[in-house]
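Supplied in structure tokens, the structure appears directly below.
Which chain is which? They are A, B, C and D, in the order written, and residues in each are numbered from 1.
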Amino acid sequence: MTNREKLTMAQALNRALRDAMAEDETVVVFGEDVGQLGGVFRITDGLTAEFGEQRCFDTPLAESGIVGVAVGMAMNGMRPVVEMQFDAFSYPAFEQVASHVAKMRNRTRGRVGLPMVIRIPYGGGIGGVEHHSDSSEAYFAHTPGLHVVVPSTVADAYGLLRAAIASPDPVVFFEPKKLYWSKEEVDVTQAVPPIGTAVVRRAGTDATLIAYGPAVPVALDAAAVAAQEGRSLAVVDVRSLVPFDDETVCQAVRATGRAVVVAEASGFASVASEIAARVTERCFHSLAAPVRRVSGLDIPYPPPKYEGFHLPTVDRILDAVDDLQWEEG
Amino acid sequence: MTADPMRLLPSRAPVVLIDAQGEPRPHETYALPSDDELVAAYAGLVAARRLNDQASVLVRQGRLAVYPSSHGQEACQVAAARVLADDDWLFPTYRDTAAIVARGVDPVQALTLLRGDWHCGYDPYEHRVAPQATPLATQLPHAVGVALAARMRGESTVVLALCGDGATSEGDFHEALNFAAVLRAPVVFFVQNNQYAISVPLARQTAAPSLAHKGVGYGVPGEQVDGNDVAALLAVLGAAVERARSGEGPQLVEAHTYRVAAHTNADDAARYRADDEVKAWLARDPIIRLESYLTRRGALTPEKISAATEQADRLAEAMREGLSRDEAANPADLFAHVYASPTPQLDEQARMVADELEREAEV
Amino acid sequence: MTADPMRLLPSRAPVVLIDAQGEPRPHETYALPSDDELVAAYAGLVAARRLNDQASVLVRQGRLAVYPSSHGQEACQVAAARVLADDDWLFPTYRDTAAIVARGVDPVQALTLLRGDWHCGYDPYEHRVAPQATPLATQLPHAVGVALAARMRGESTVVLALCGDGATSEGDFHEALNFAAVLRAPVVFFVQNNQYAISVPLARQTAAPSLAHKGVGYGVPGEQVDGNDVAALLAVLGAAVERARSGEGPQLVEAHTYRVAAHTNADDAARYRADDEVKAWLARDPIIRLESYLTRRGALTPEKISAATEQADRLAEAMREGLSRDEAANPADLFAHVYASPTPQLDEQARMVADELEREAEV
Amino acid sequence: MTNREKLTMAQALNRALRDAMAEDETVVVFGEDVGQLGGVFRITDGLTAEFGEQRCFDTPLAESGIVGVAVGMAMNGMRPVVEMQFDAFSYPAFEQVASHVAKMRNRTRGRVGLPMVIRIPYGGGIGGVEHHSDSSEAYFAHTPGLHVVVPSTVADAYGLLRAAIASPDPVVFFEPKKLYWSKEEVDVTQAVPPIGTAVVRRAGTDATLIAYGPAVPVALDAAAVAAQEGRSLAVVDVRSLVPFDDETVCQAVRATGRAVVVAEASGFASVASEIAARVTERCFHSLAAPVRRVSGLDIPYPPPKYEGFHLPTVDRILDAVDDLQWEEG
């Protein structure tokens, strides 16, 4: 007997919420349009019907309020999972996240933990108008006290969301919008990947591409093209930005001696900067060339017509790989 | 803290001057606008409806990326534009394209955002129309700032700031009203309560007697009005604008109306509301009632109706025409306006993109 | 949206049950608390005043880093603690140490934040007192969440959430009241209007008839009360708590009081307010009026006054004593509670700090 | 004749505001307690008295409102300079900053610029209770469309604030609280340093310390101690985080072959990460050792009693310098 099913990432996330709610009645889901509508991306589809309005409900339209109320619920025995409708619409809640979600456990010397999840549909590539395609992970990854997770596969979407809901710590859970409709055969009864682990998605010997979220499929495509051109690229999917899996990432980089970090967000003071800096610190003498970054441009997210120039592409990744000073190596 | 709360509360029921049957309803405070004004508004309504219809078609044809329609809210859209003087400012949301166009902005420029091109296709200073705001309620403090700056220079500018019922729940709504009241900024906050924030009905948004009742908490007079009655809207908004202009401070106006279409073309309203509800509101259509009122008075003749229709046709034609042309994206535009002059970092990135394109062209 | 706005508006003047001269003032809605209750409250007031005095001394001695005094607001502090049942929750701000202590938290633990040690020195679950919030109004949505969680489990918990007049201007105030109203959370929002937000007087904070008038905009009943009259506070807050407990939803209570001291010891109130103003408020002191009322009734005897004073002495002694000891900082504590278990990154940083200290010790 | 005067940084900032207001009547100052009180740090002291309530005034207590109103004023011909009372209290305004302040010019294709300054007293070391010692520059530096500036000297405080007010672009201006009372003899009539330039504060030949804001004096102290121990350290004061002066920084690093980045903020995905990454990208083959970072720990800012462990110290900087693989060099 096999438990494998073909699911989209959106369906897997919905399944994860459903399974968590069925197992643990303290799990509650709320936010804008998550009830009857099932969310603008249908991630919460059917939850109100199945678990009732008490467990999955619409709130007034106010993100700071949503996160703030979740803080209170988490203080008082619940495991809230809240949705920010789009990436950029989490900014009104930033104060609550930075000053409370991230700090409550520390402030209370471990007495008050906040087992809550903030789900954020994120990233570009879907032709969204302004404010609908931001990548805001750096803001959260820079804030101590949060776990920050970004799945890139359907299986990880299910597993990491289950792990996030089960976590005693607050987790900011980024859902790559571009991959919502990606399909995969998965077994959701399989073990959940622990938060804090990266995974090698493709083995390779010449250079390592380090990516997460929507950049992972692009990195894999680049590796496939490079293979045809005779260059063997490894691809590491970071998937947990905080905590960061130095071991897996550095092992891959040391083995190849060259690395490119790939991420959608604007590059300046970003998670990609961090990865480049820490990999260099740890693997300096194994490196034949500086770690390169292929990230979003340092511009406000451009309109749909222009997003192709902004986002990491196979070509841009391969250009960066070409730049890794192969002559001198 | 001496304001009399009773003078800040809205009237018990929304102000109506022409009812759903097209009958005039005398009101103790507000007078019916003149026939001329209403005939002009009628042409505006017809044009706005046509703009909504045409835009919806253009979405289906793939010429627009997305369109949040104001079908059913045209009276609000037109009144918002008509009560303002040239030097006043309008602060619209994504749903207010019809108001923007009614204020004189070229429709193709107004639709730039929604066709997936740059986020504001018109010059905000030309017609004094702020960029359409997407993050809800965030434009309201800007409106206050614009009004204060004008007042500091002794100008008599009034700012009309639009938002939806859902947006009233955001903190920025609160902060903007409070700043305006304390600093006596000449702003009229105009809430189009179309009963829904995407799928969320008003009852999930507020437990207040009305949204107009929020005014008293800021010392701002609130008023509520039938949002499908352009005559009432012109009277109430017009009075609020003149009150603000005369230095008496901000006002809050709530229009009770209805979002006849789905939130946008991407939304499926059948998931959260019944057809009957929509039908009931269609019977209160803003155009039909005005048409019947003006026709009965003899102020609206078949010729004037045709003239309005033809004008709307030309608008639709201009939209089709303007949106049929796609300009090629120029990647240098990505870097041109992030700052007044690009940083060295942006110059470097611009060179990278240009290099890529050059190499691509060579292949 | 059927709430009658008139039932949501506060009474025209703040509720007073015992006036500044200590005279009882009959009220149509609220009854005077019993003598026993008021004698107990009296002891609370004396203790709270003593706590404020002692803390101010400890600041000058360098035993506390900073102290925002509630001198003059003791009636609010004591009433807030006394109207709650054991299973209820209190959500205090930085200025509410006296209320926290009145609820049973050890004063030295309560002052941990203000002595420059870890940010919350008590176990929030022990007495159901949330950590003192510094970012203004941010604790109010938490209060709503705590209340909702309790109600989901069928508990009859009520949450009393404190904030200042200045904090009502923040977006989180708005969002919290609205969420509470729409979701019918059993929360009493209690605003201590002490007339100032640091240097900014109430008139620069709001143009509303009163802060209690903000309730109607959320469908939440508002009430205003003399914040220096503990009898009125007990009656009004008590009724609000019982109303919330019975499932009728949130309420907003504004107490008119005065910040007698500067904002904190670091502030210089002479820069922005006149001595006369302070003197006028001193004449309305919450302790004096209660003492004169109860003494005249024979309910407060010299013995009871001494008992209250001695209890306050013991409190002050415990504060002096507890704050005279400094525990050495343990650097491992820096990393222990950032997460339930430290990340590998934190482990690495903890090792670095430990190494540094070891090497230092070796030198 | 000399124009030199002894001023504290707080006085220099006050002077800069005063001079800018006197020269240009569109400059207006507002925020919490900036009027009669003159700000909790007295940076706006006397401005209301001198220029009237129209030009310098208190607002209701709401940071998003303050920044949002400033956006509107800047749209309409004014040059607002607003104060966030403490670093962490800028978070409620984050939505306005990220979605509007940073994007208005780009959104309107250059038609609507926002010449406004957001002043933020920032950083630790003053024994502040929770939320009063954050270093939030990474959030802003990561957001394209903002200039981000941090003076470390009295002269720069004056000059950079004048430059910020004169700039056609929005500037987030960080004021190191710890240095408010530092004194220096300055000539405020001197040329204003342009935003976007770093400066070498101390020449050195063995390694380069790259610092900004409150970390600069600490780096200089470290260099002084190192000199006694026979090691010559250069110190570069970045002072403008965005735009970043790659040239000055890289020149210094290339000359020494070794570098340590010093900053107060938590290190993960920070400006220090960016500096380490970009210096490595640009100077890789001149580097004898990986660029090290000495930054705040990845913890919520600790209470006064513990801040000594959190902040970069001379010892920690010298340890990092010692780690720069001198044997292998």
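One rule holds in what follows: contacts are C-beta pairs under 8 Å (C-beta built on N, C-alpha and C of every residue); 3 or more make two chains touch, one makes a residue touch a chain.
Being a predicted model, the structure only gives us computed values, none of them experimental.
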Looking at C-D and A-C, which one has the bigger number of contacting C-beta pairs? A-C
Greatest Cα-centre separation from chain D belongs to chain B
Intercentroid distance (Cα basis), chain D paired with chain C, Å: 36
Chain B to chain D, mean C-alpha position gap in Å, rounds to 40
Averaging only over C-alpha atoms, locate the centres of chain A and chain D and give their separation in whole Å. 30
Using the touch definition from the top, which residues of chain D touch two or more other chains? 59-60, 62, 64-65, 88, 91-92, 95, 99, 103, 106-107, 130-131, 144-145, 242, 244, 268, 297-300
Among the residues of chain C, pick out those that touch two or more other chains and give their numbers. 118-119, 135, 169-172, 174-175, 178, 182, 204-206, 333, 338, 343, 345
For the complex, give me every residue of chain C touching chain B. 1-5, 8-9, 169-175, 178, 181-182, 202-210, 213-220, 249
Residues of chain C that touch chain A when the two form their complex: 118-120, 123-125, 130-131, 135, 138, 140-150, 152-153, 171-172, 174-176, 178-179, 182-183, 333, 336-340, 343-345
In the complex, chain A residues that touch chain B: 32-33, 35-38, 40, 58-62, 64-65, 88-89, 91-92, 127, 129-132, 268, 297-300, 302-306, 309-310, 315-316, 319
In the complex, chain C residues that touch chain D: 65-66, 113-114, 116-119, 134-136, 166-167, 169-172, 197-200, 204-206, 266-267, 271-272, 329, 331, 333-335, 338, 343, 345-346, 349, 353, 356, 360
Which part of chain D faces chain A closely enough to touch in the complex? 64, 88, 91-92, 94-95, 98-99, 102-103, 106-107, 130-131, 138-139, 141-145, 241-242, 244, 265-266, 268-274, 276-278, 280-282, 284, 287, 289-293, 297-300
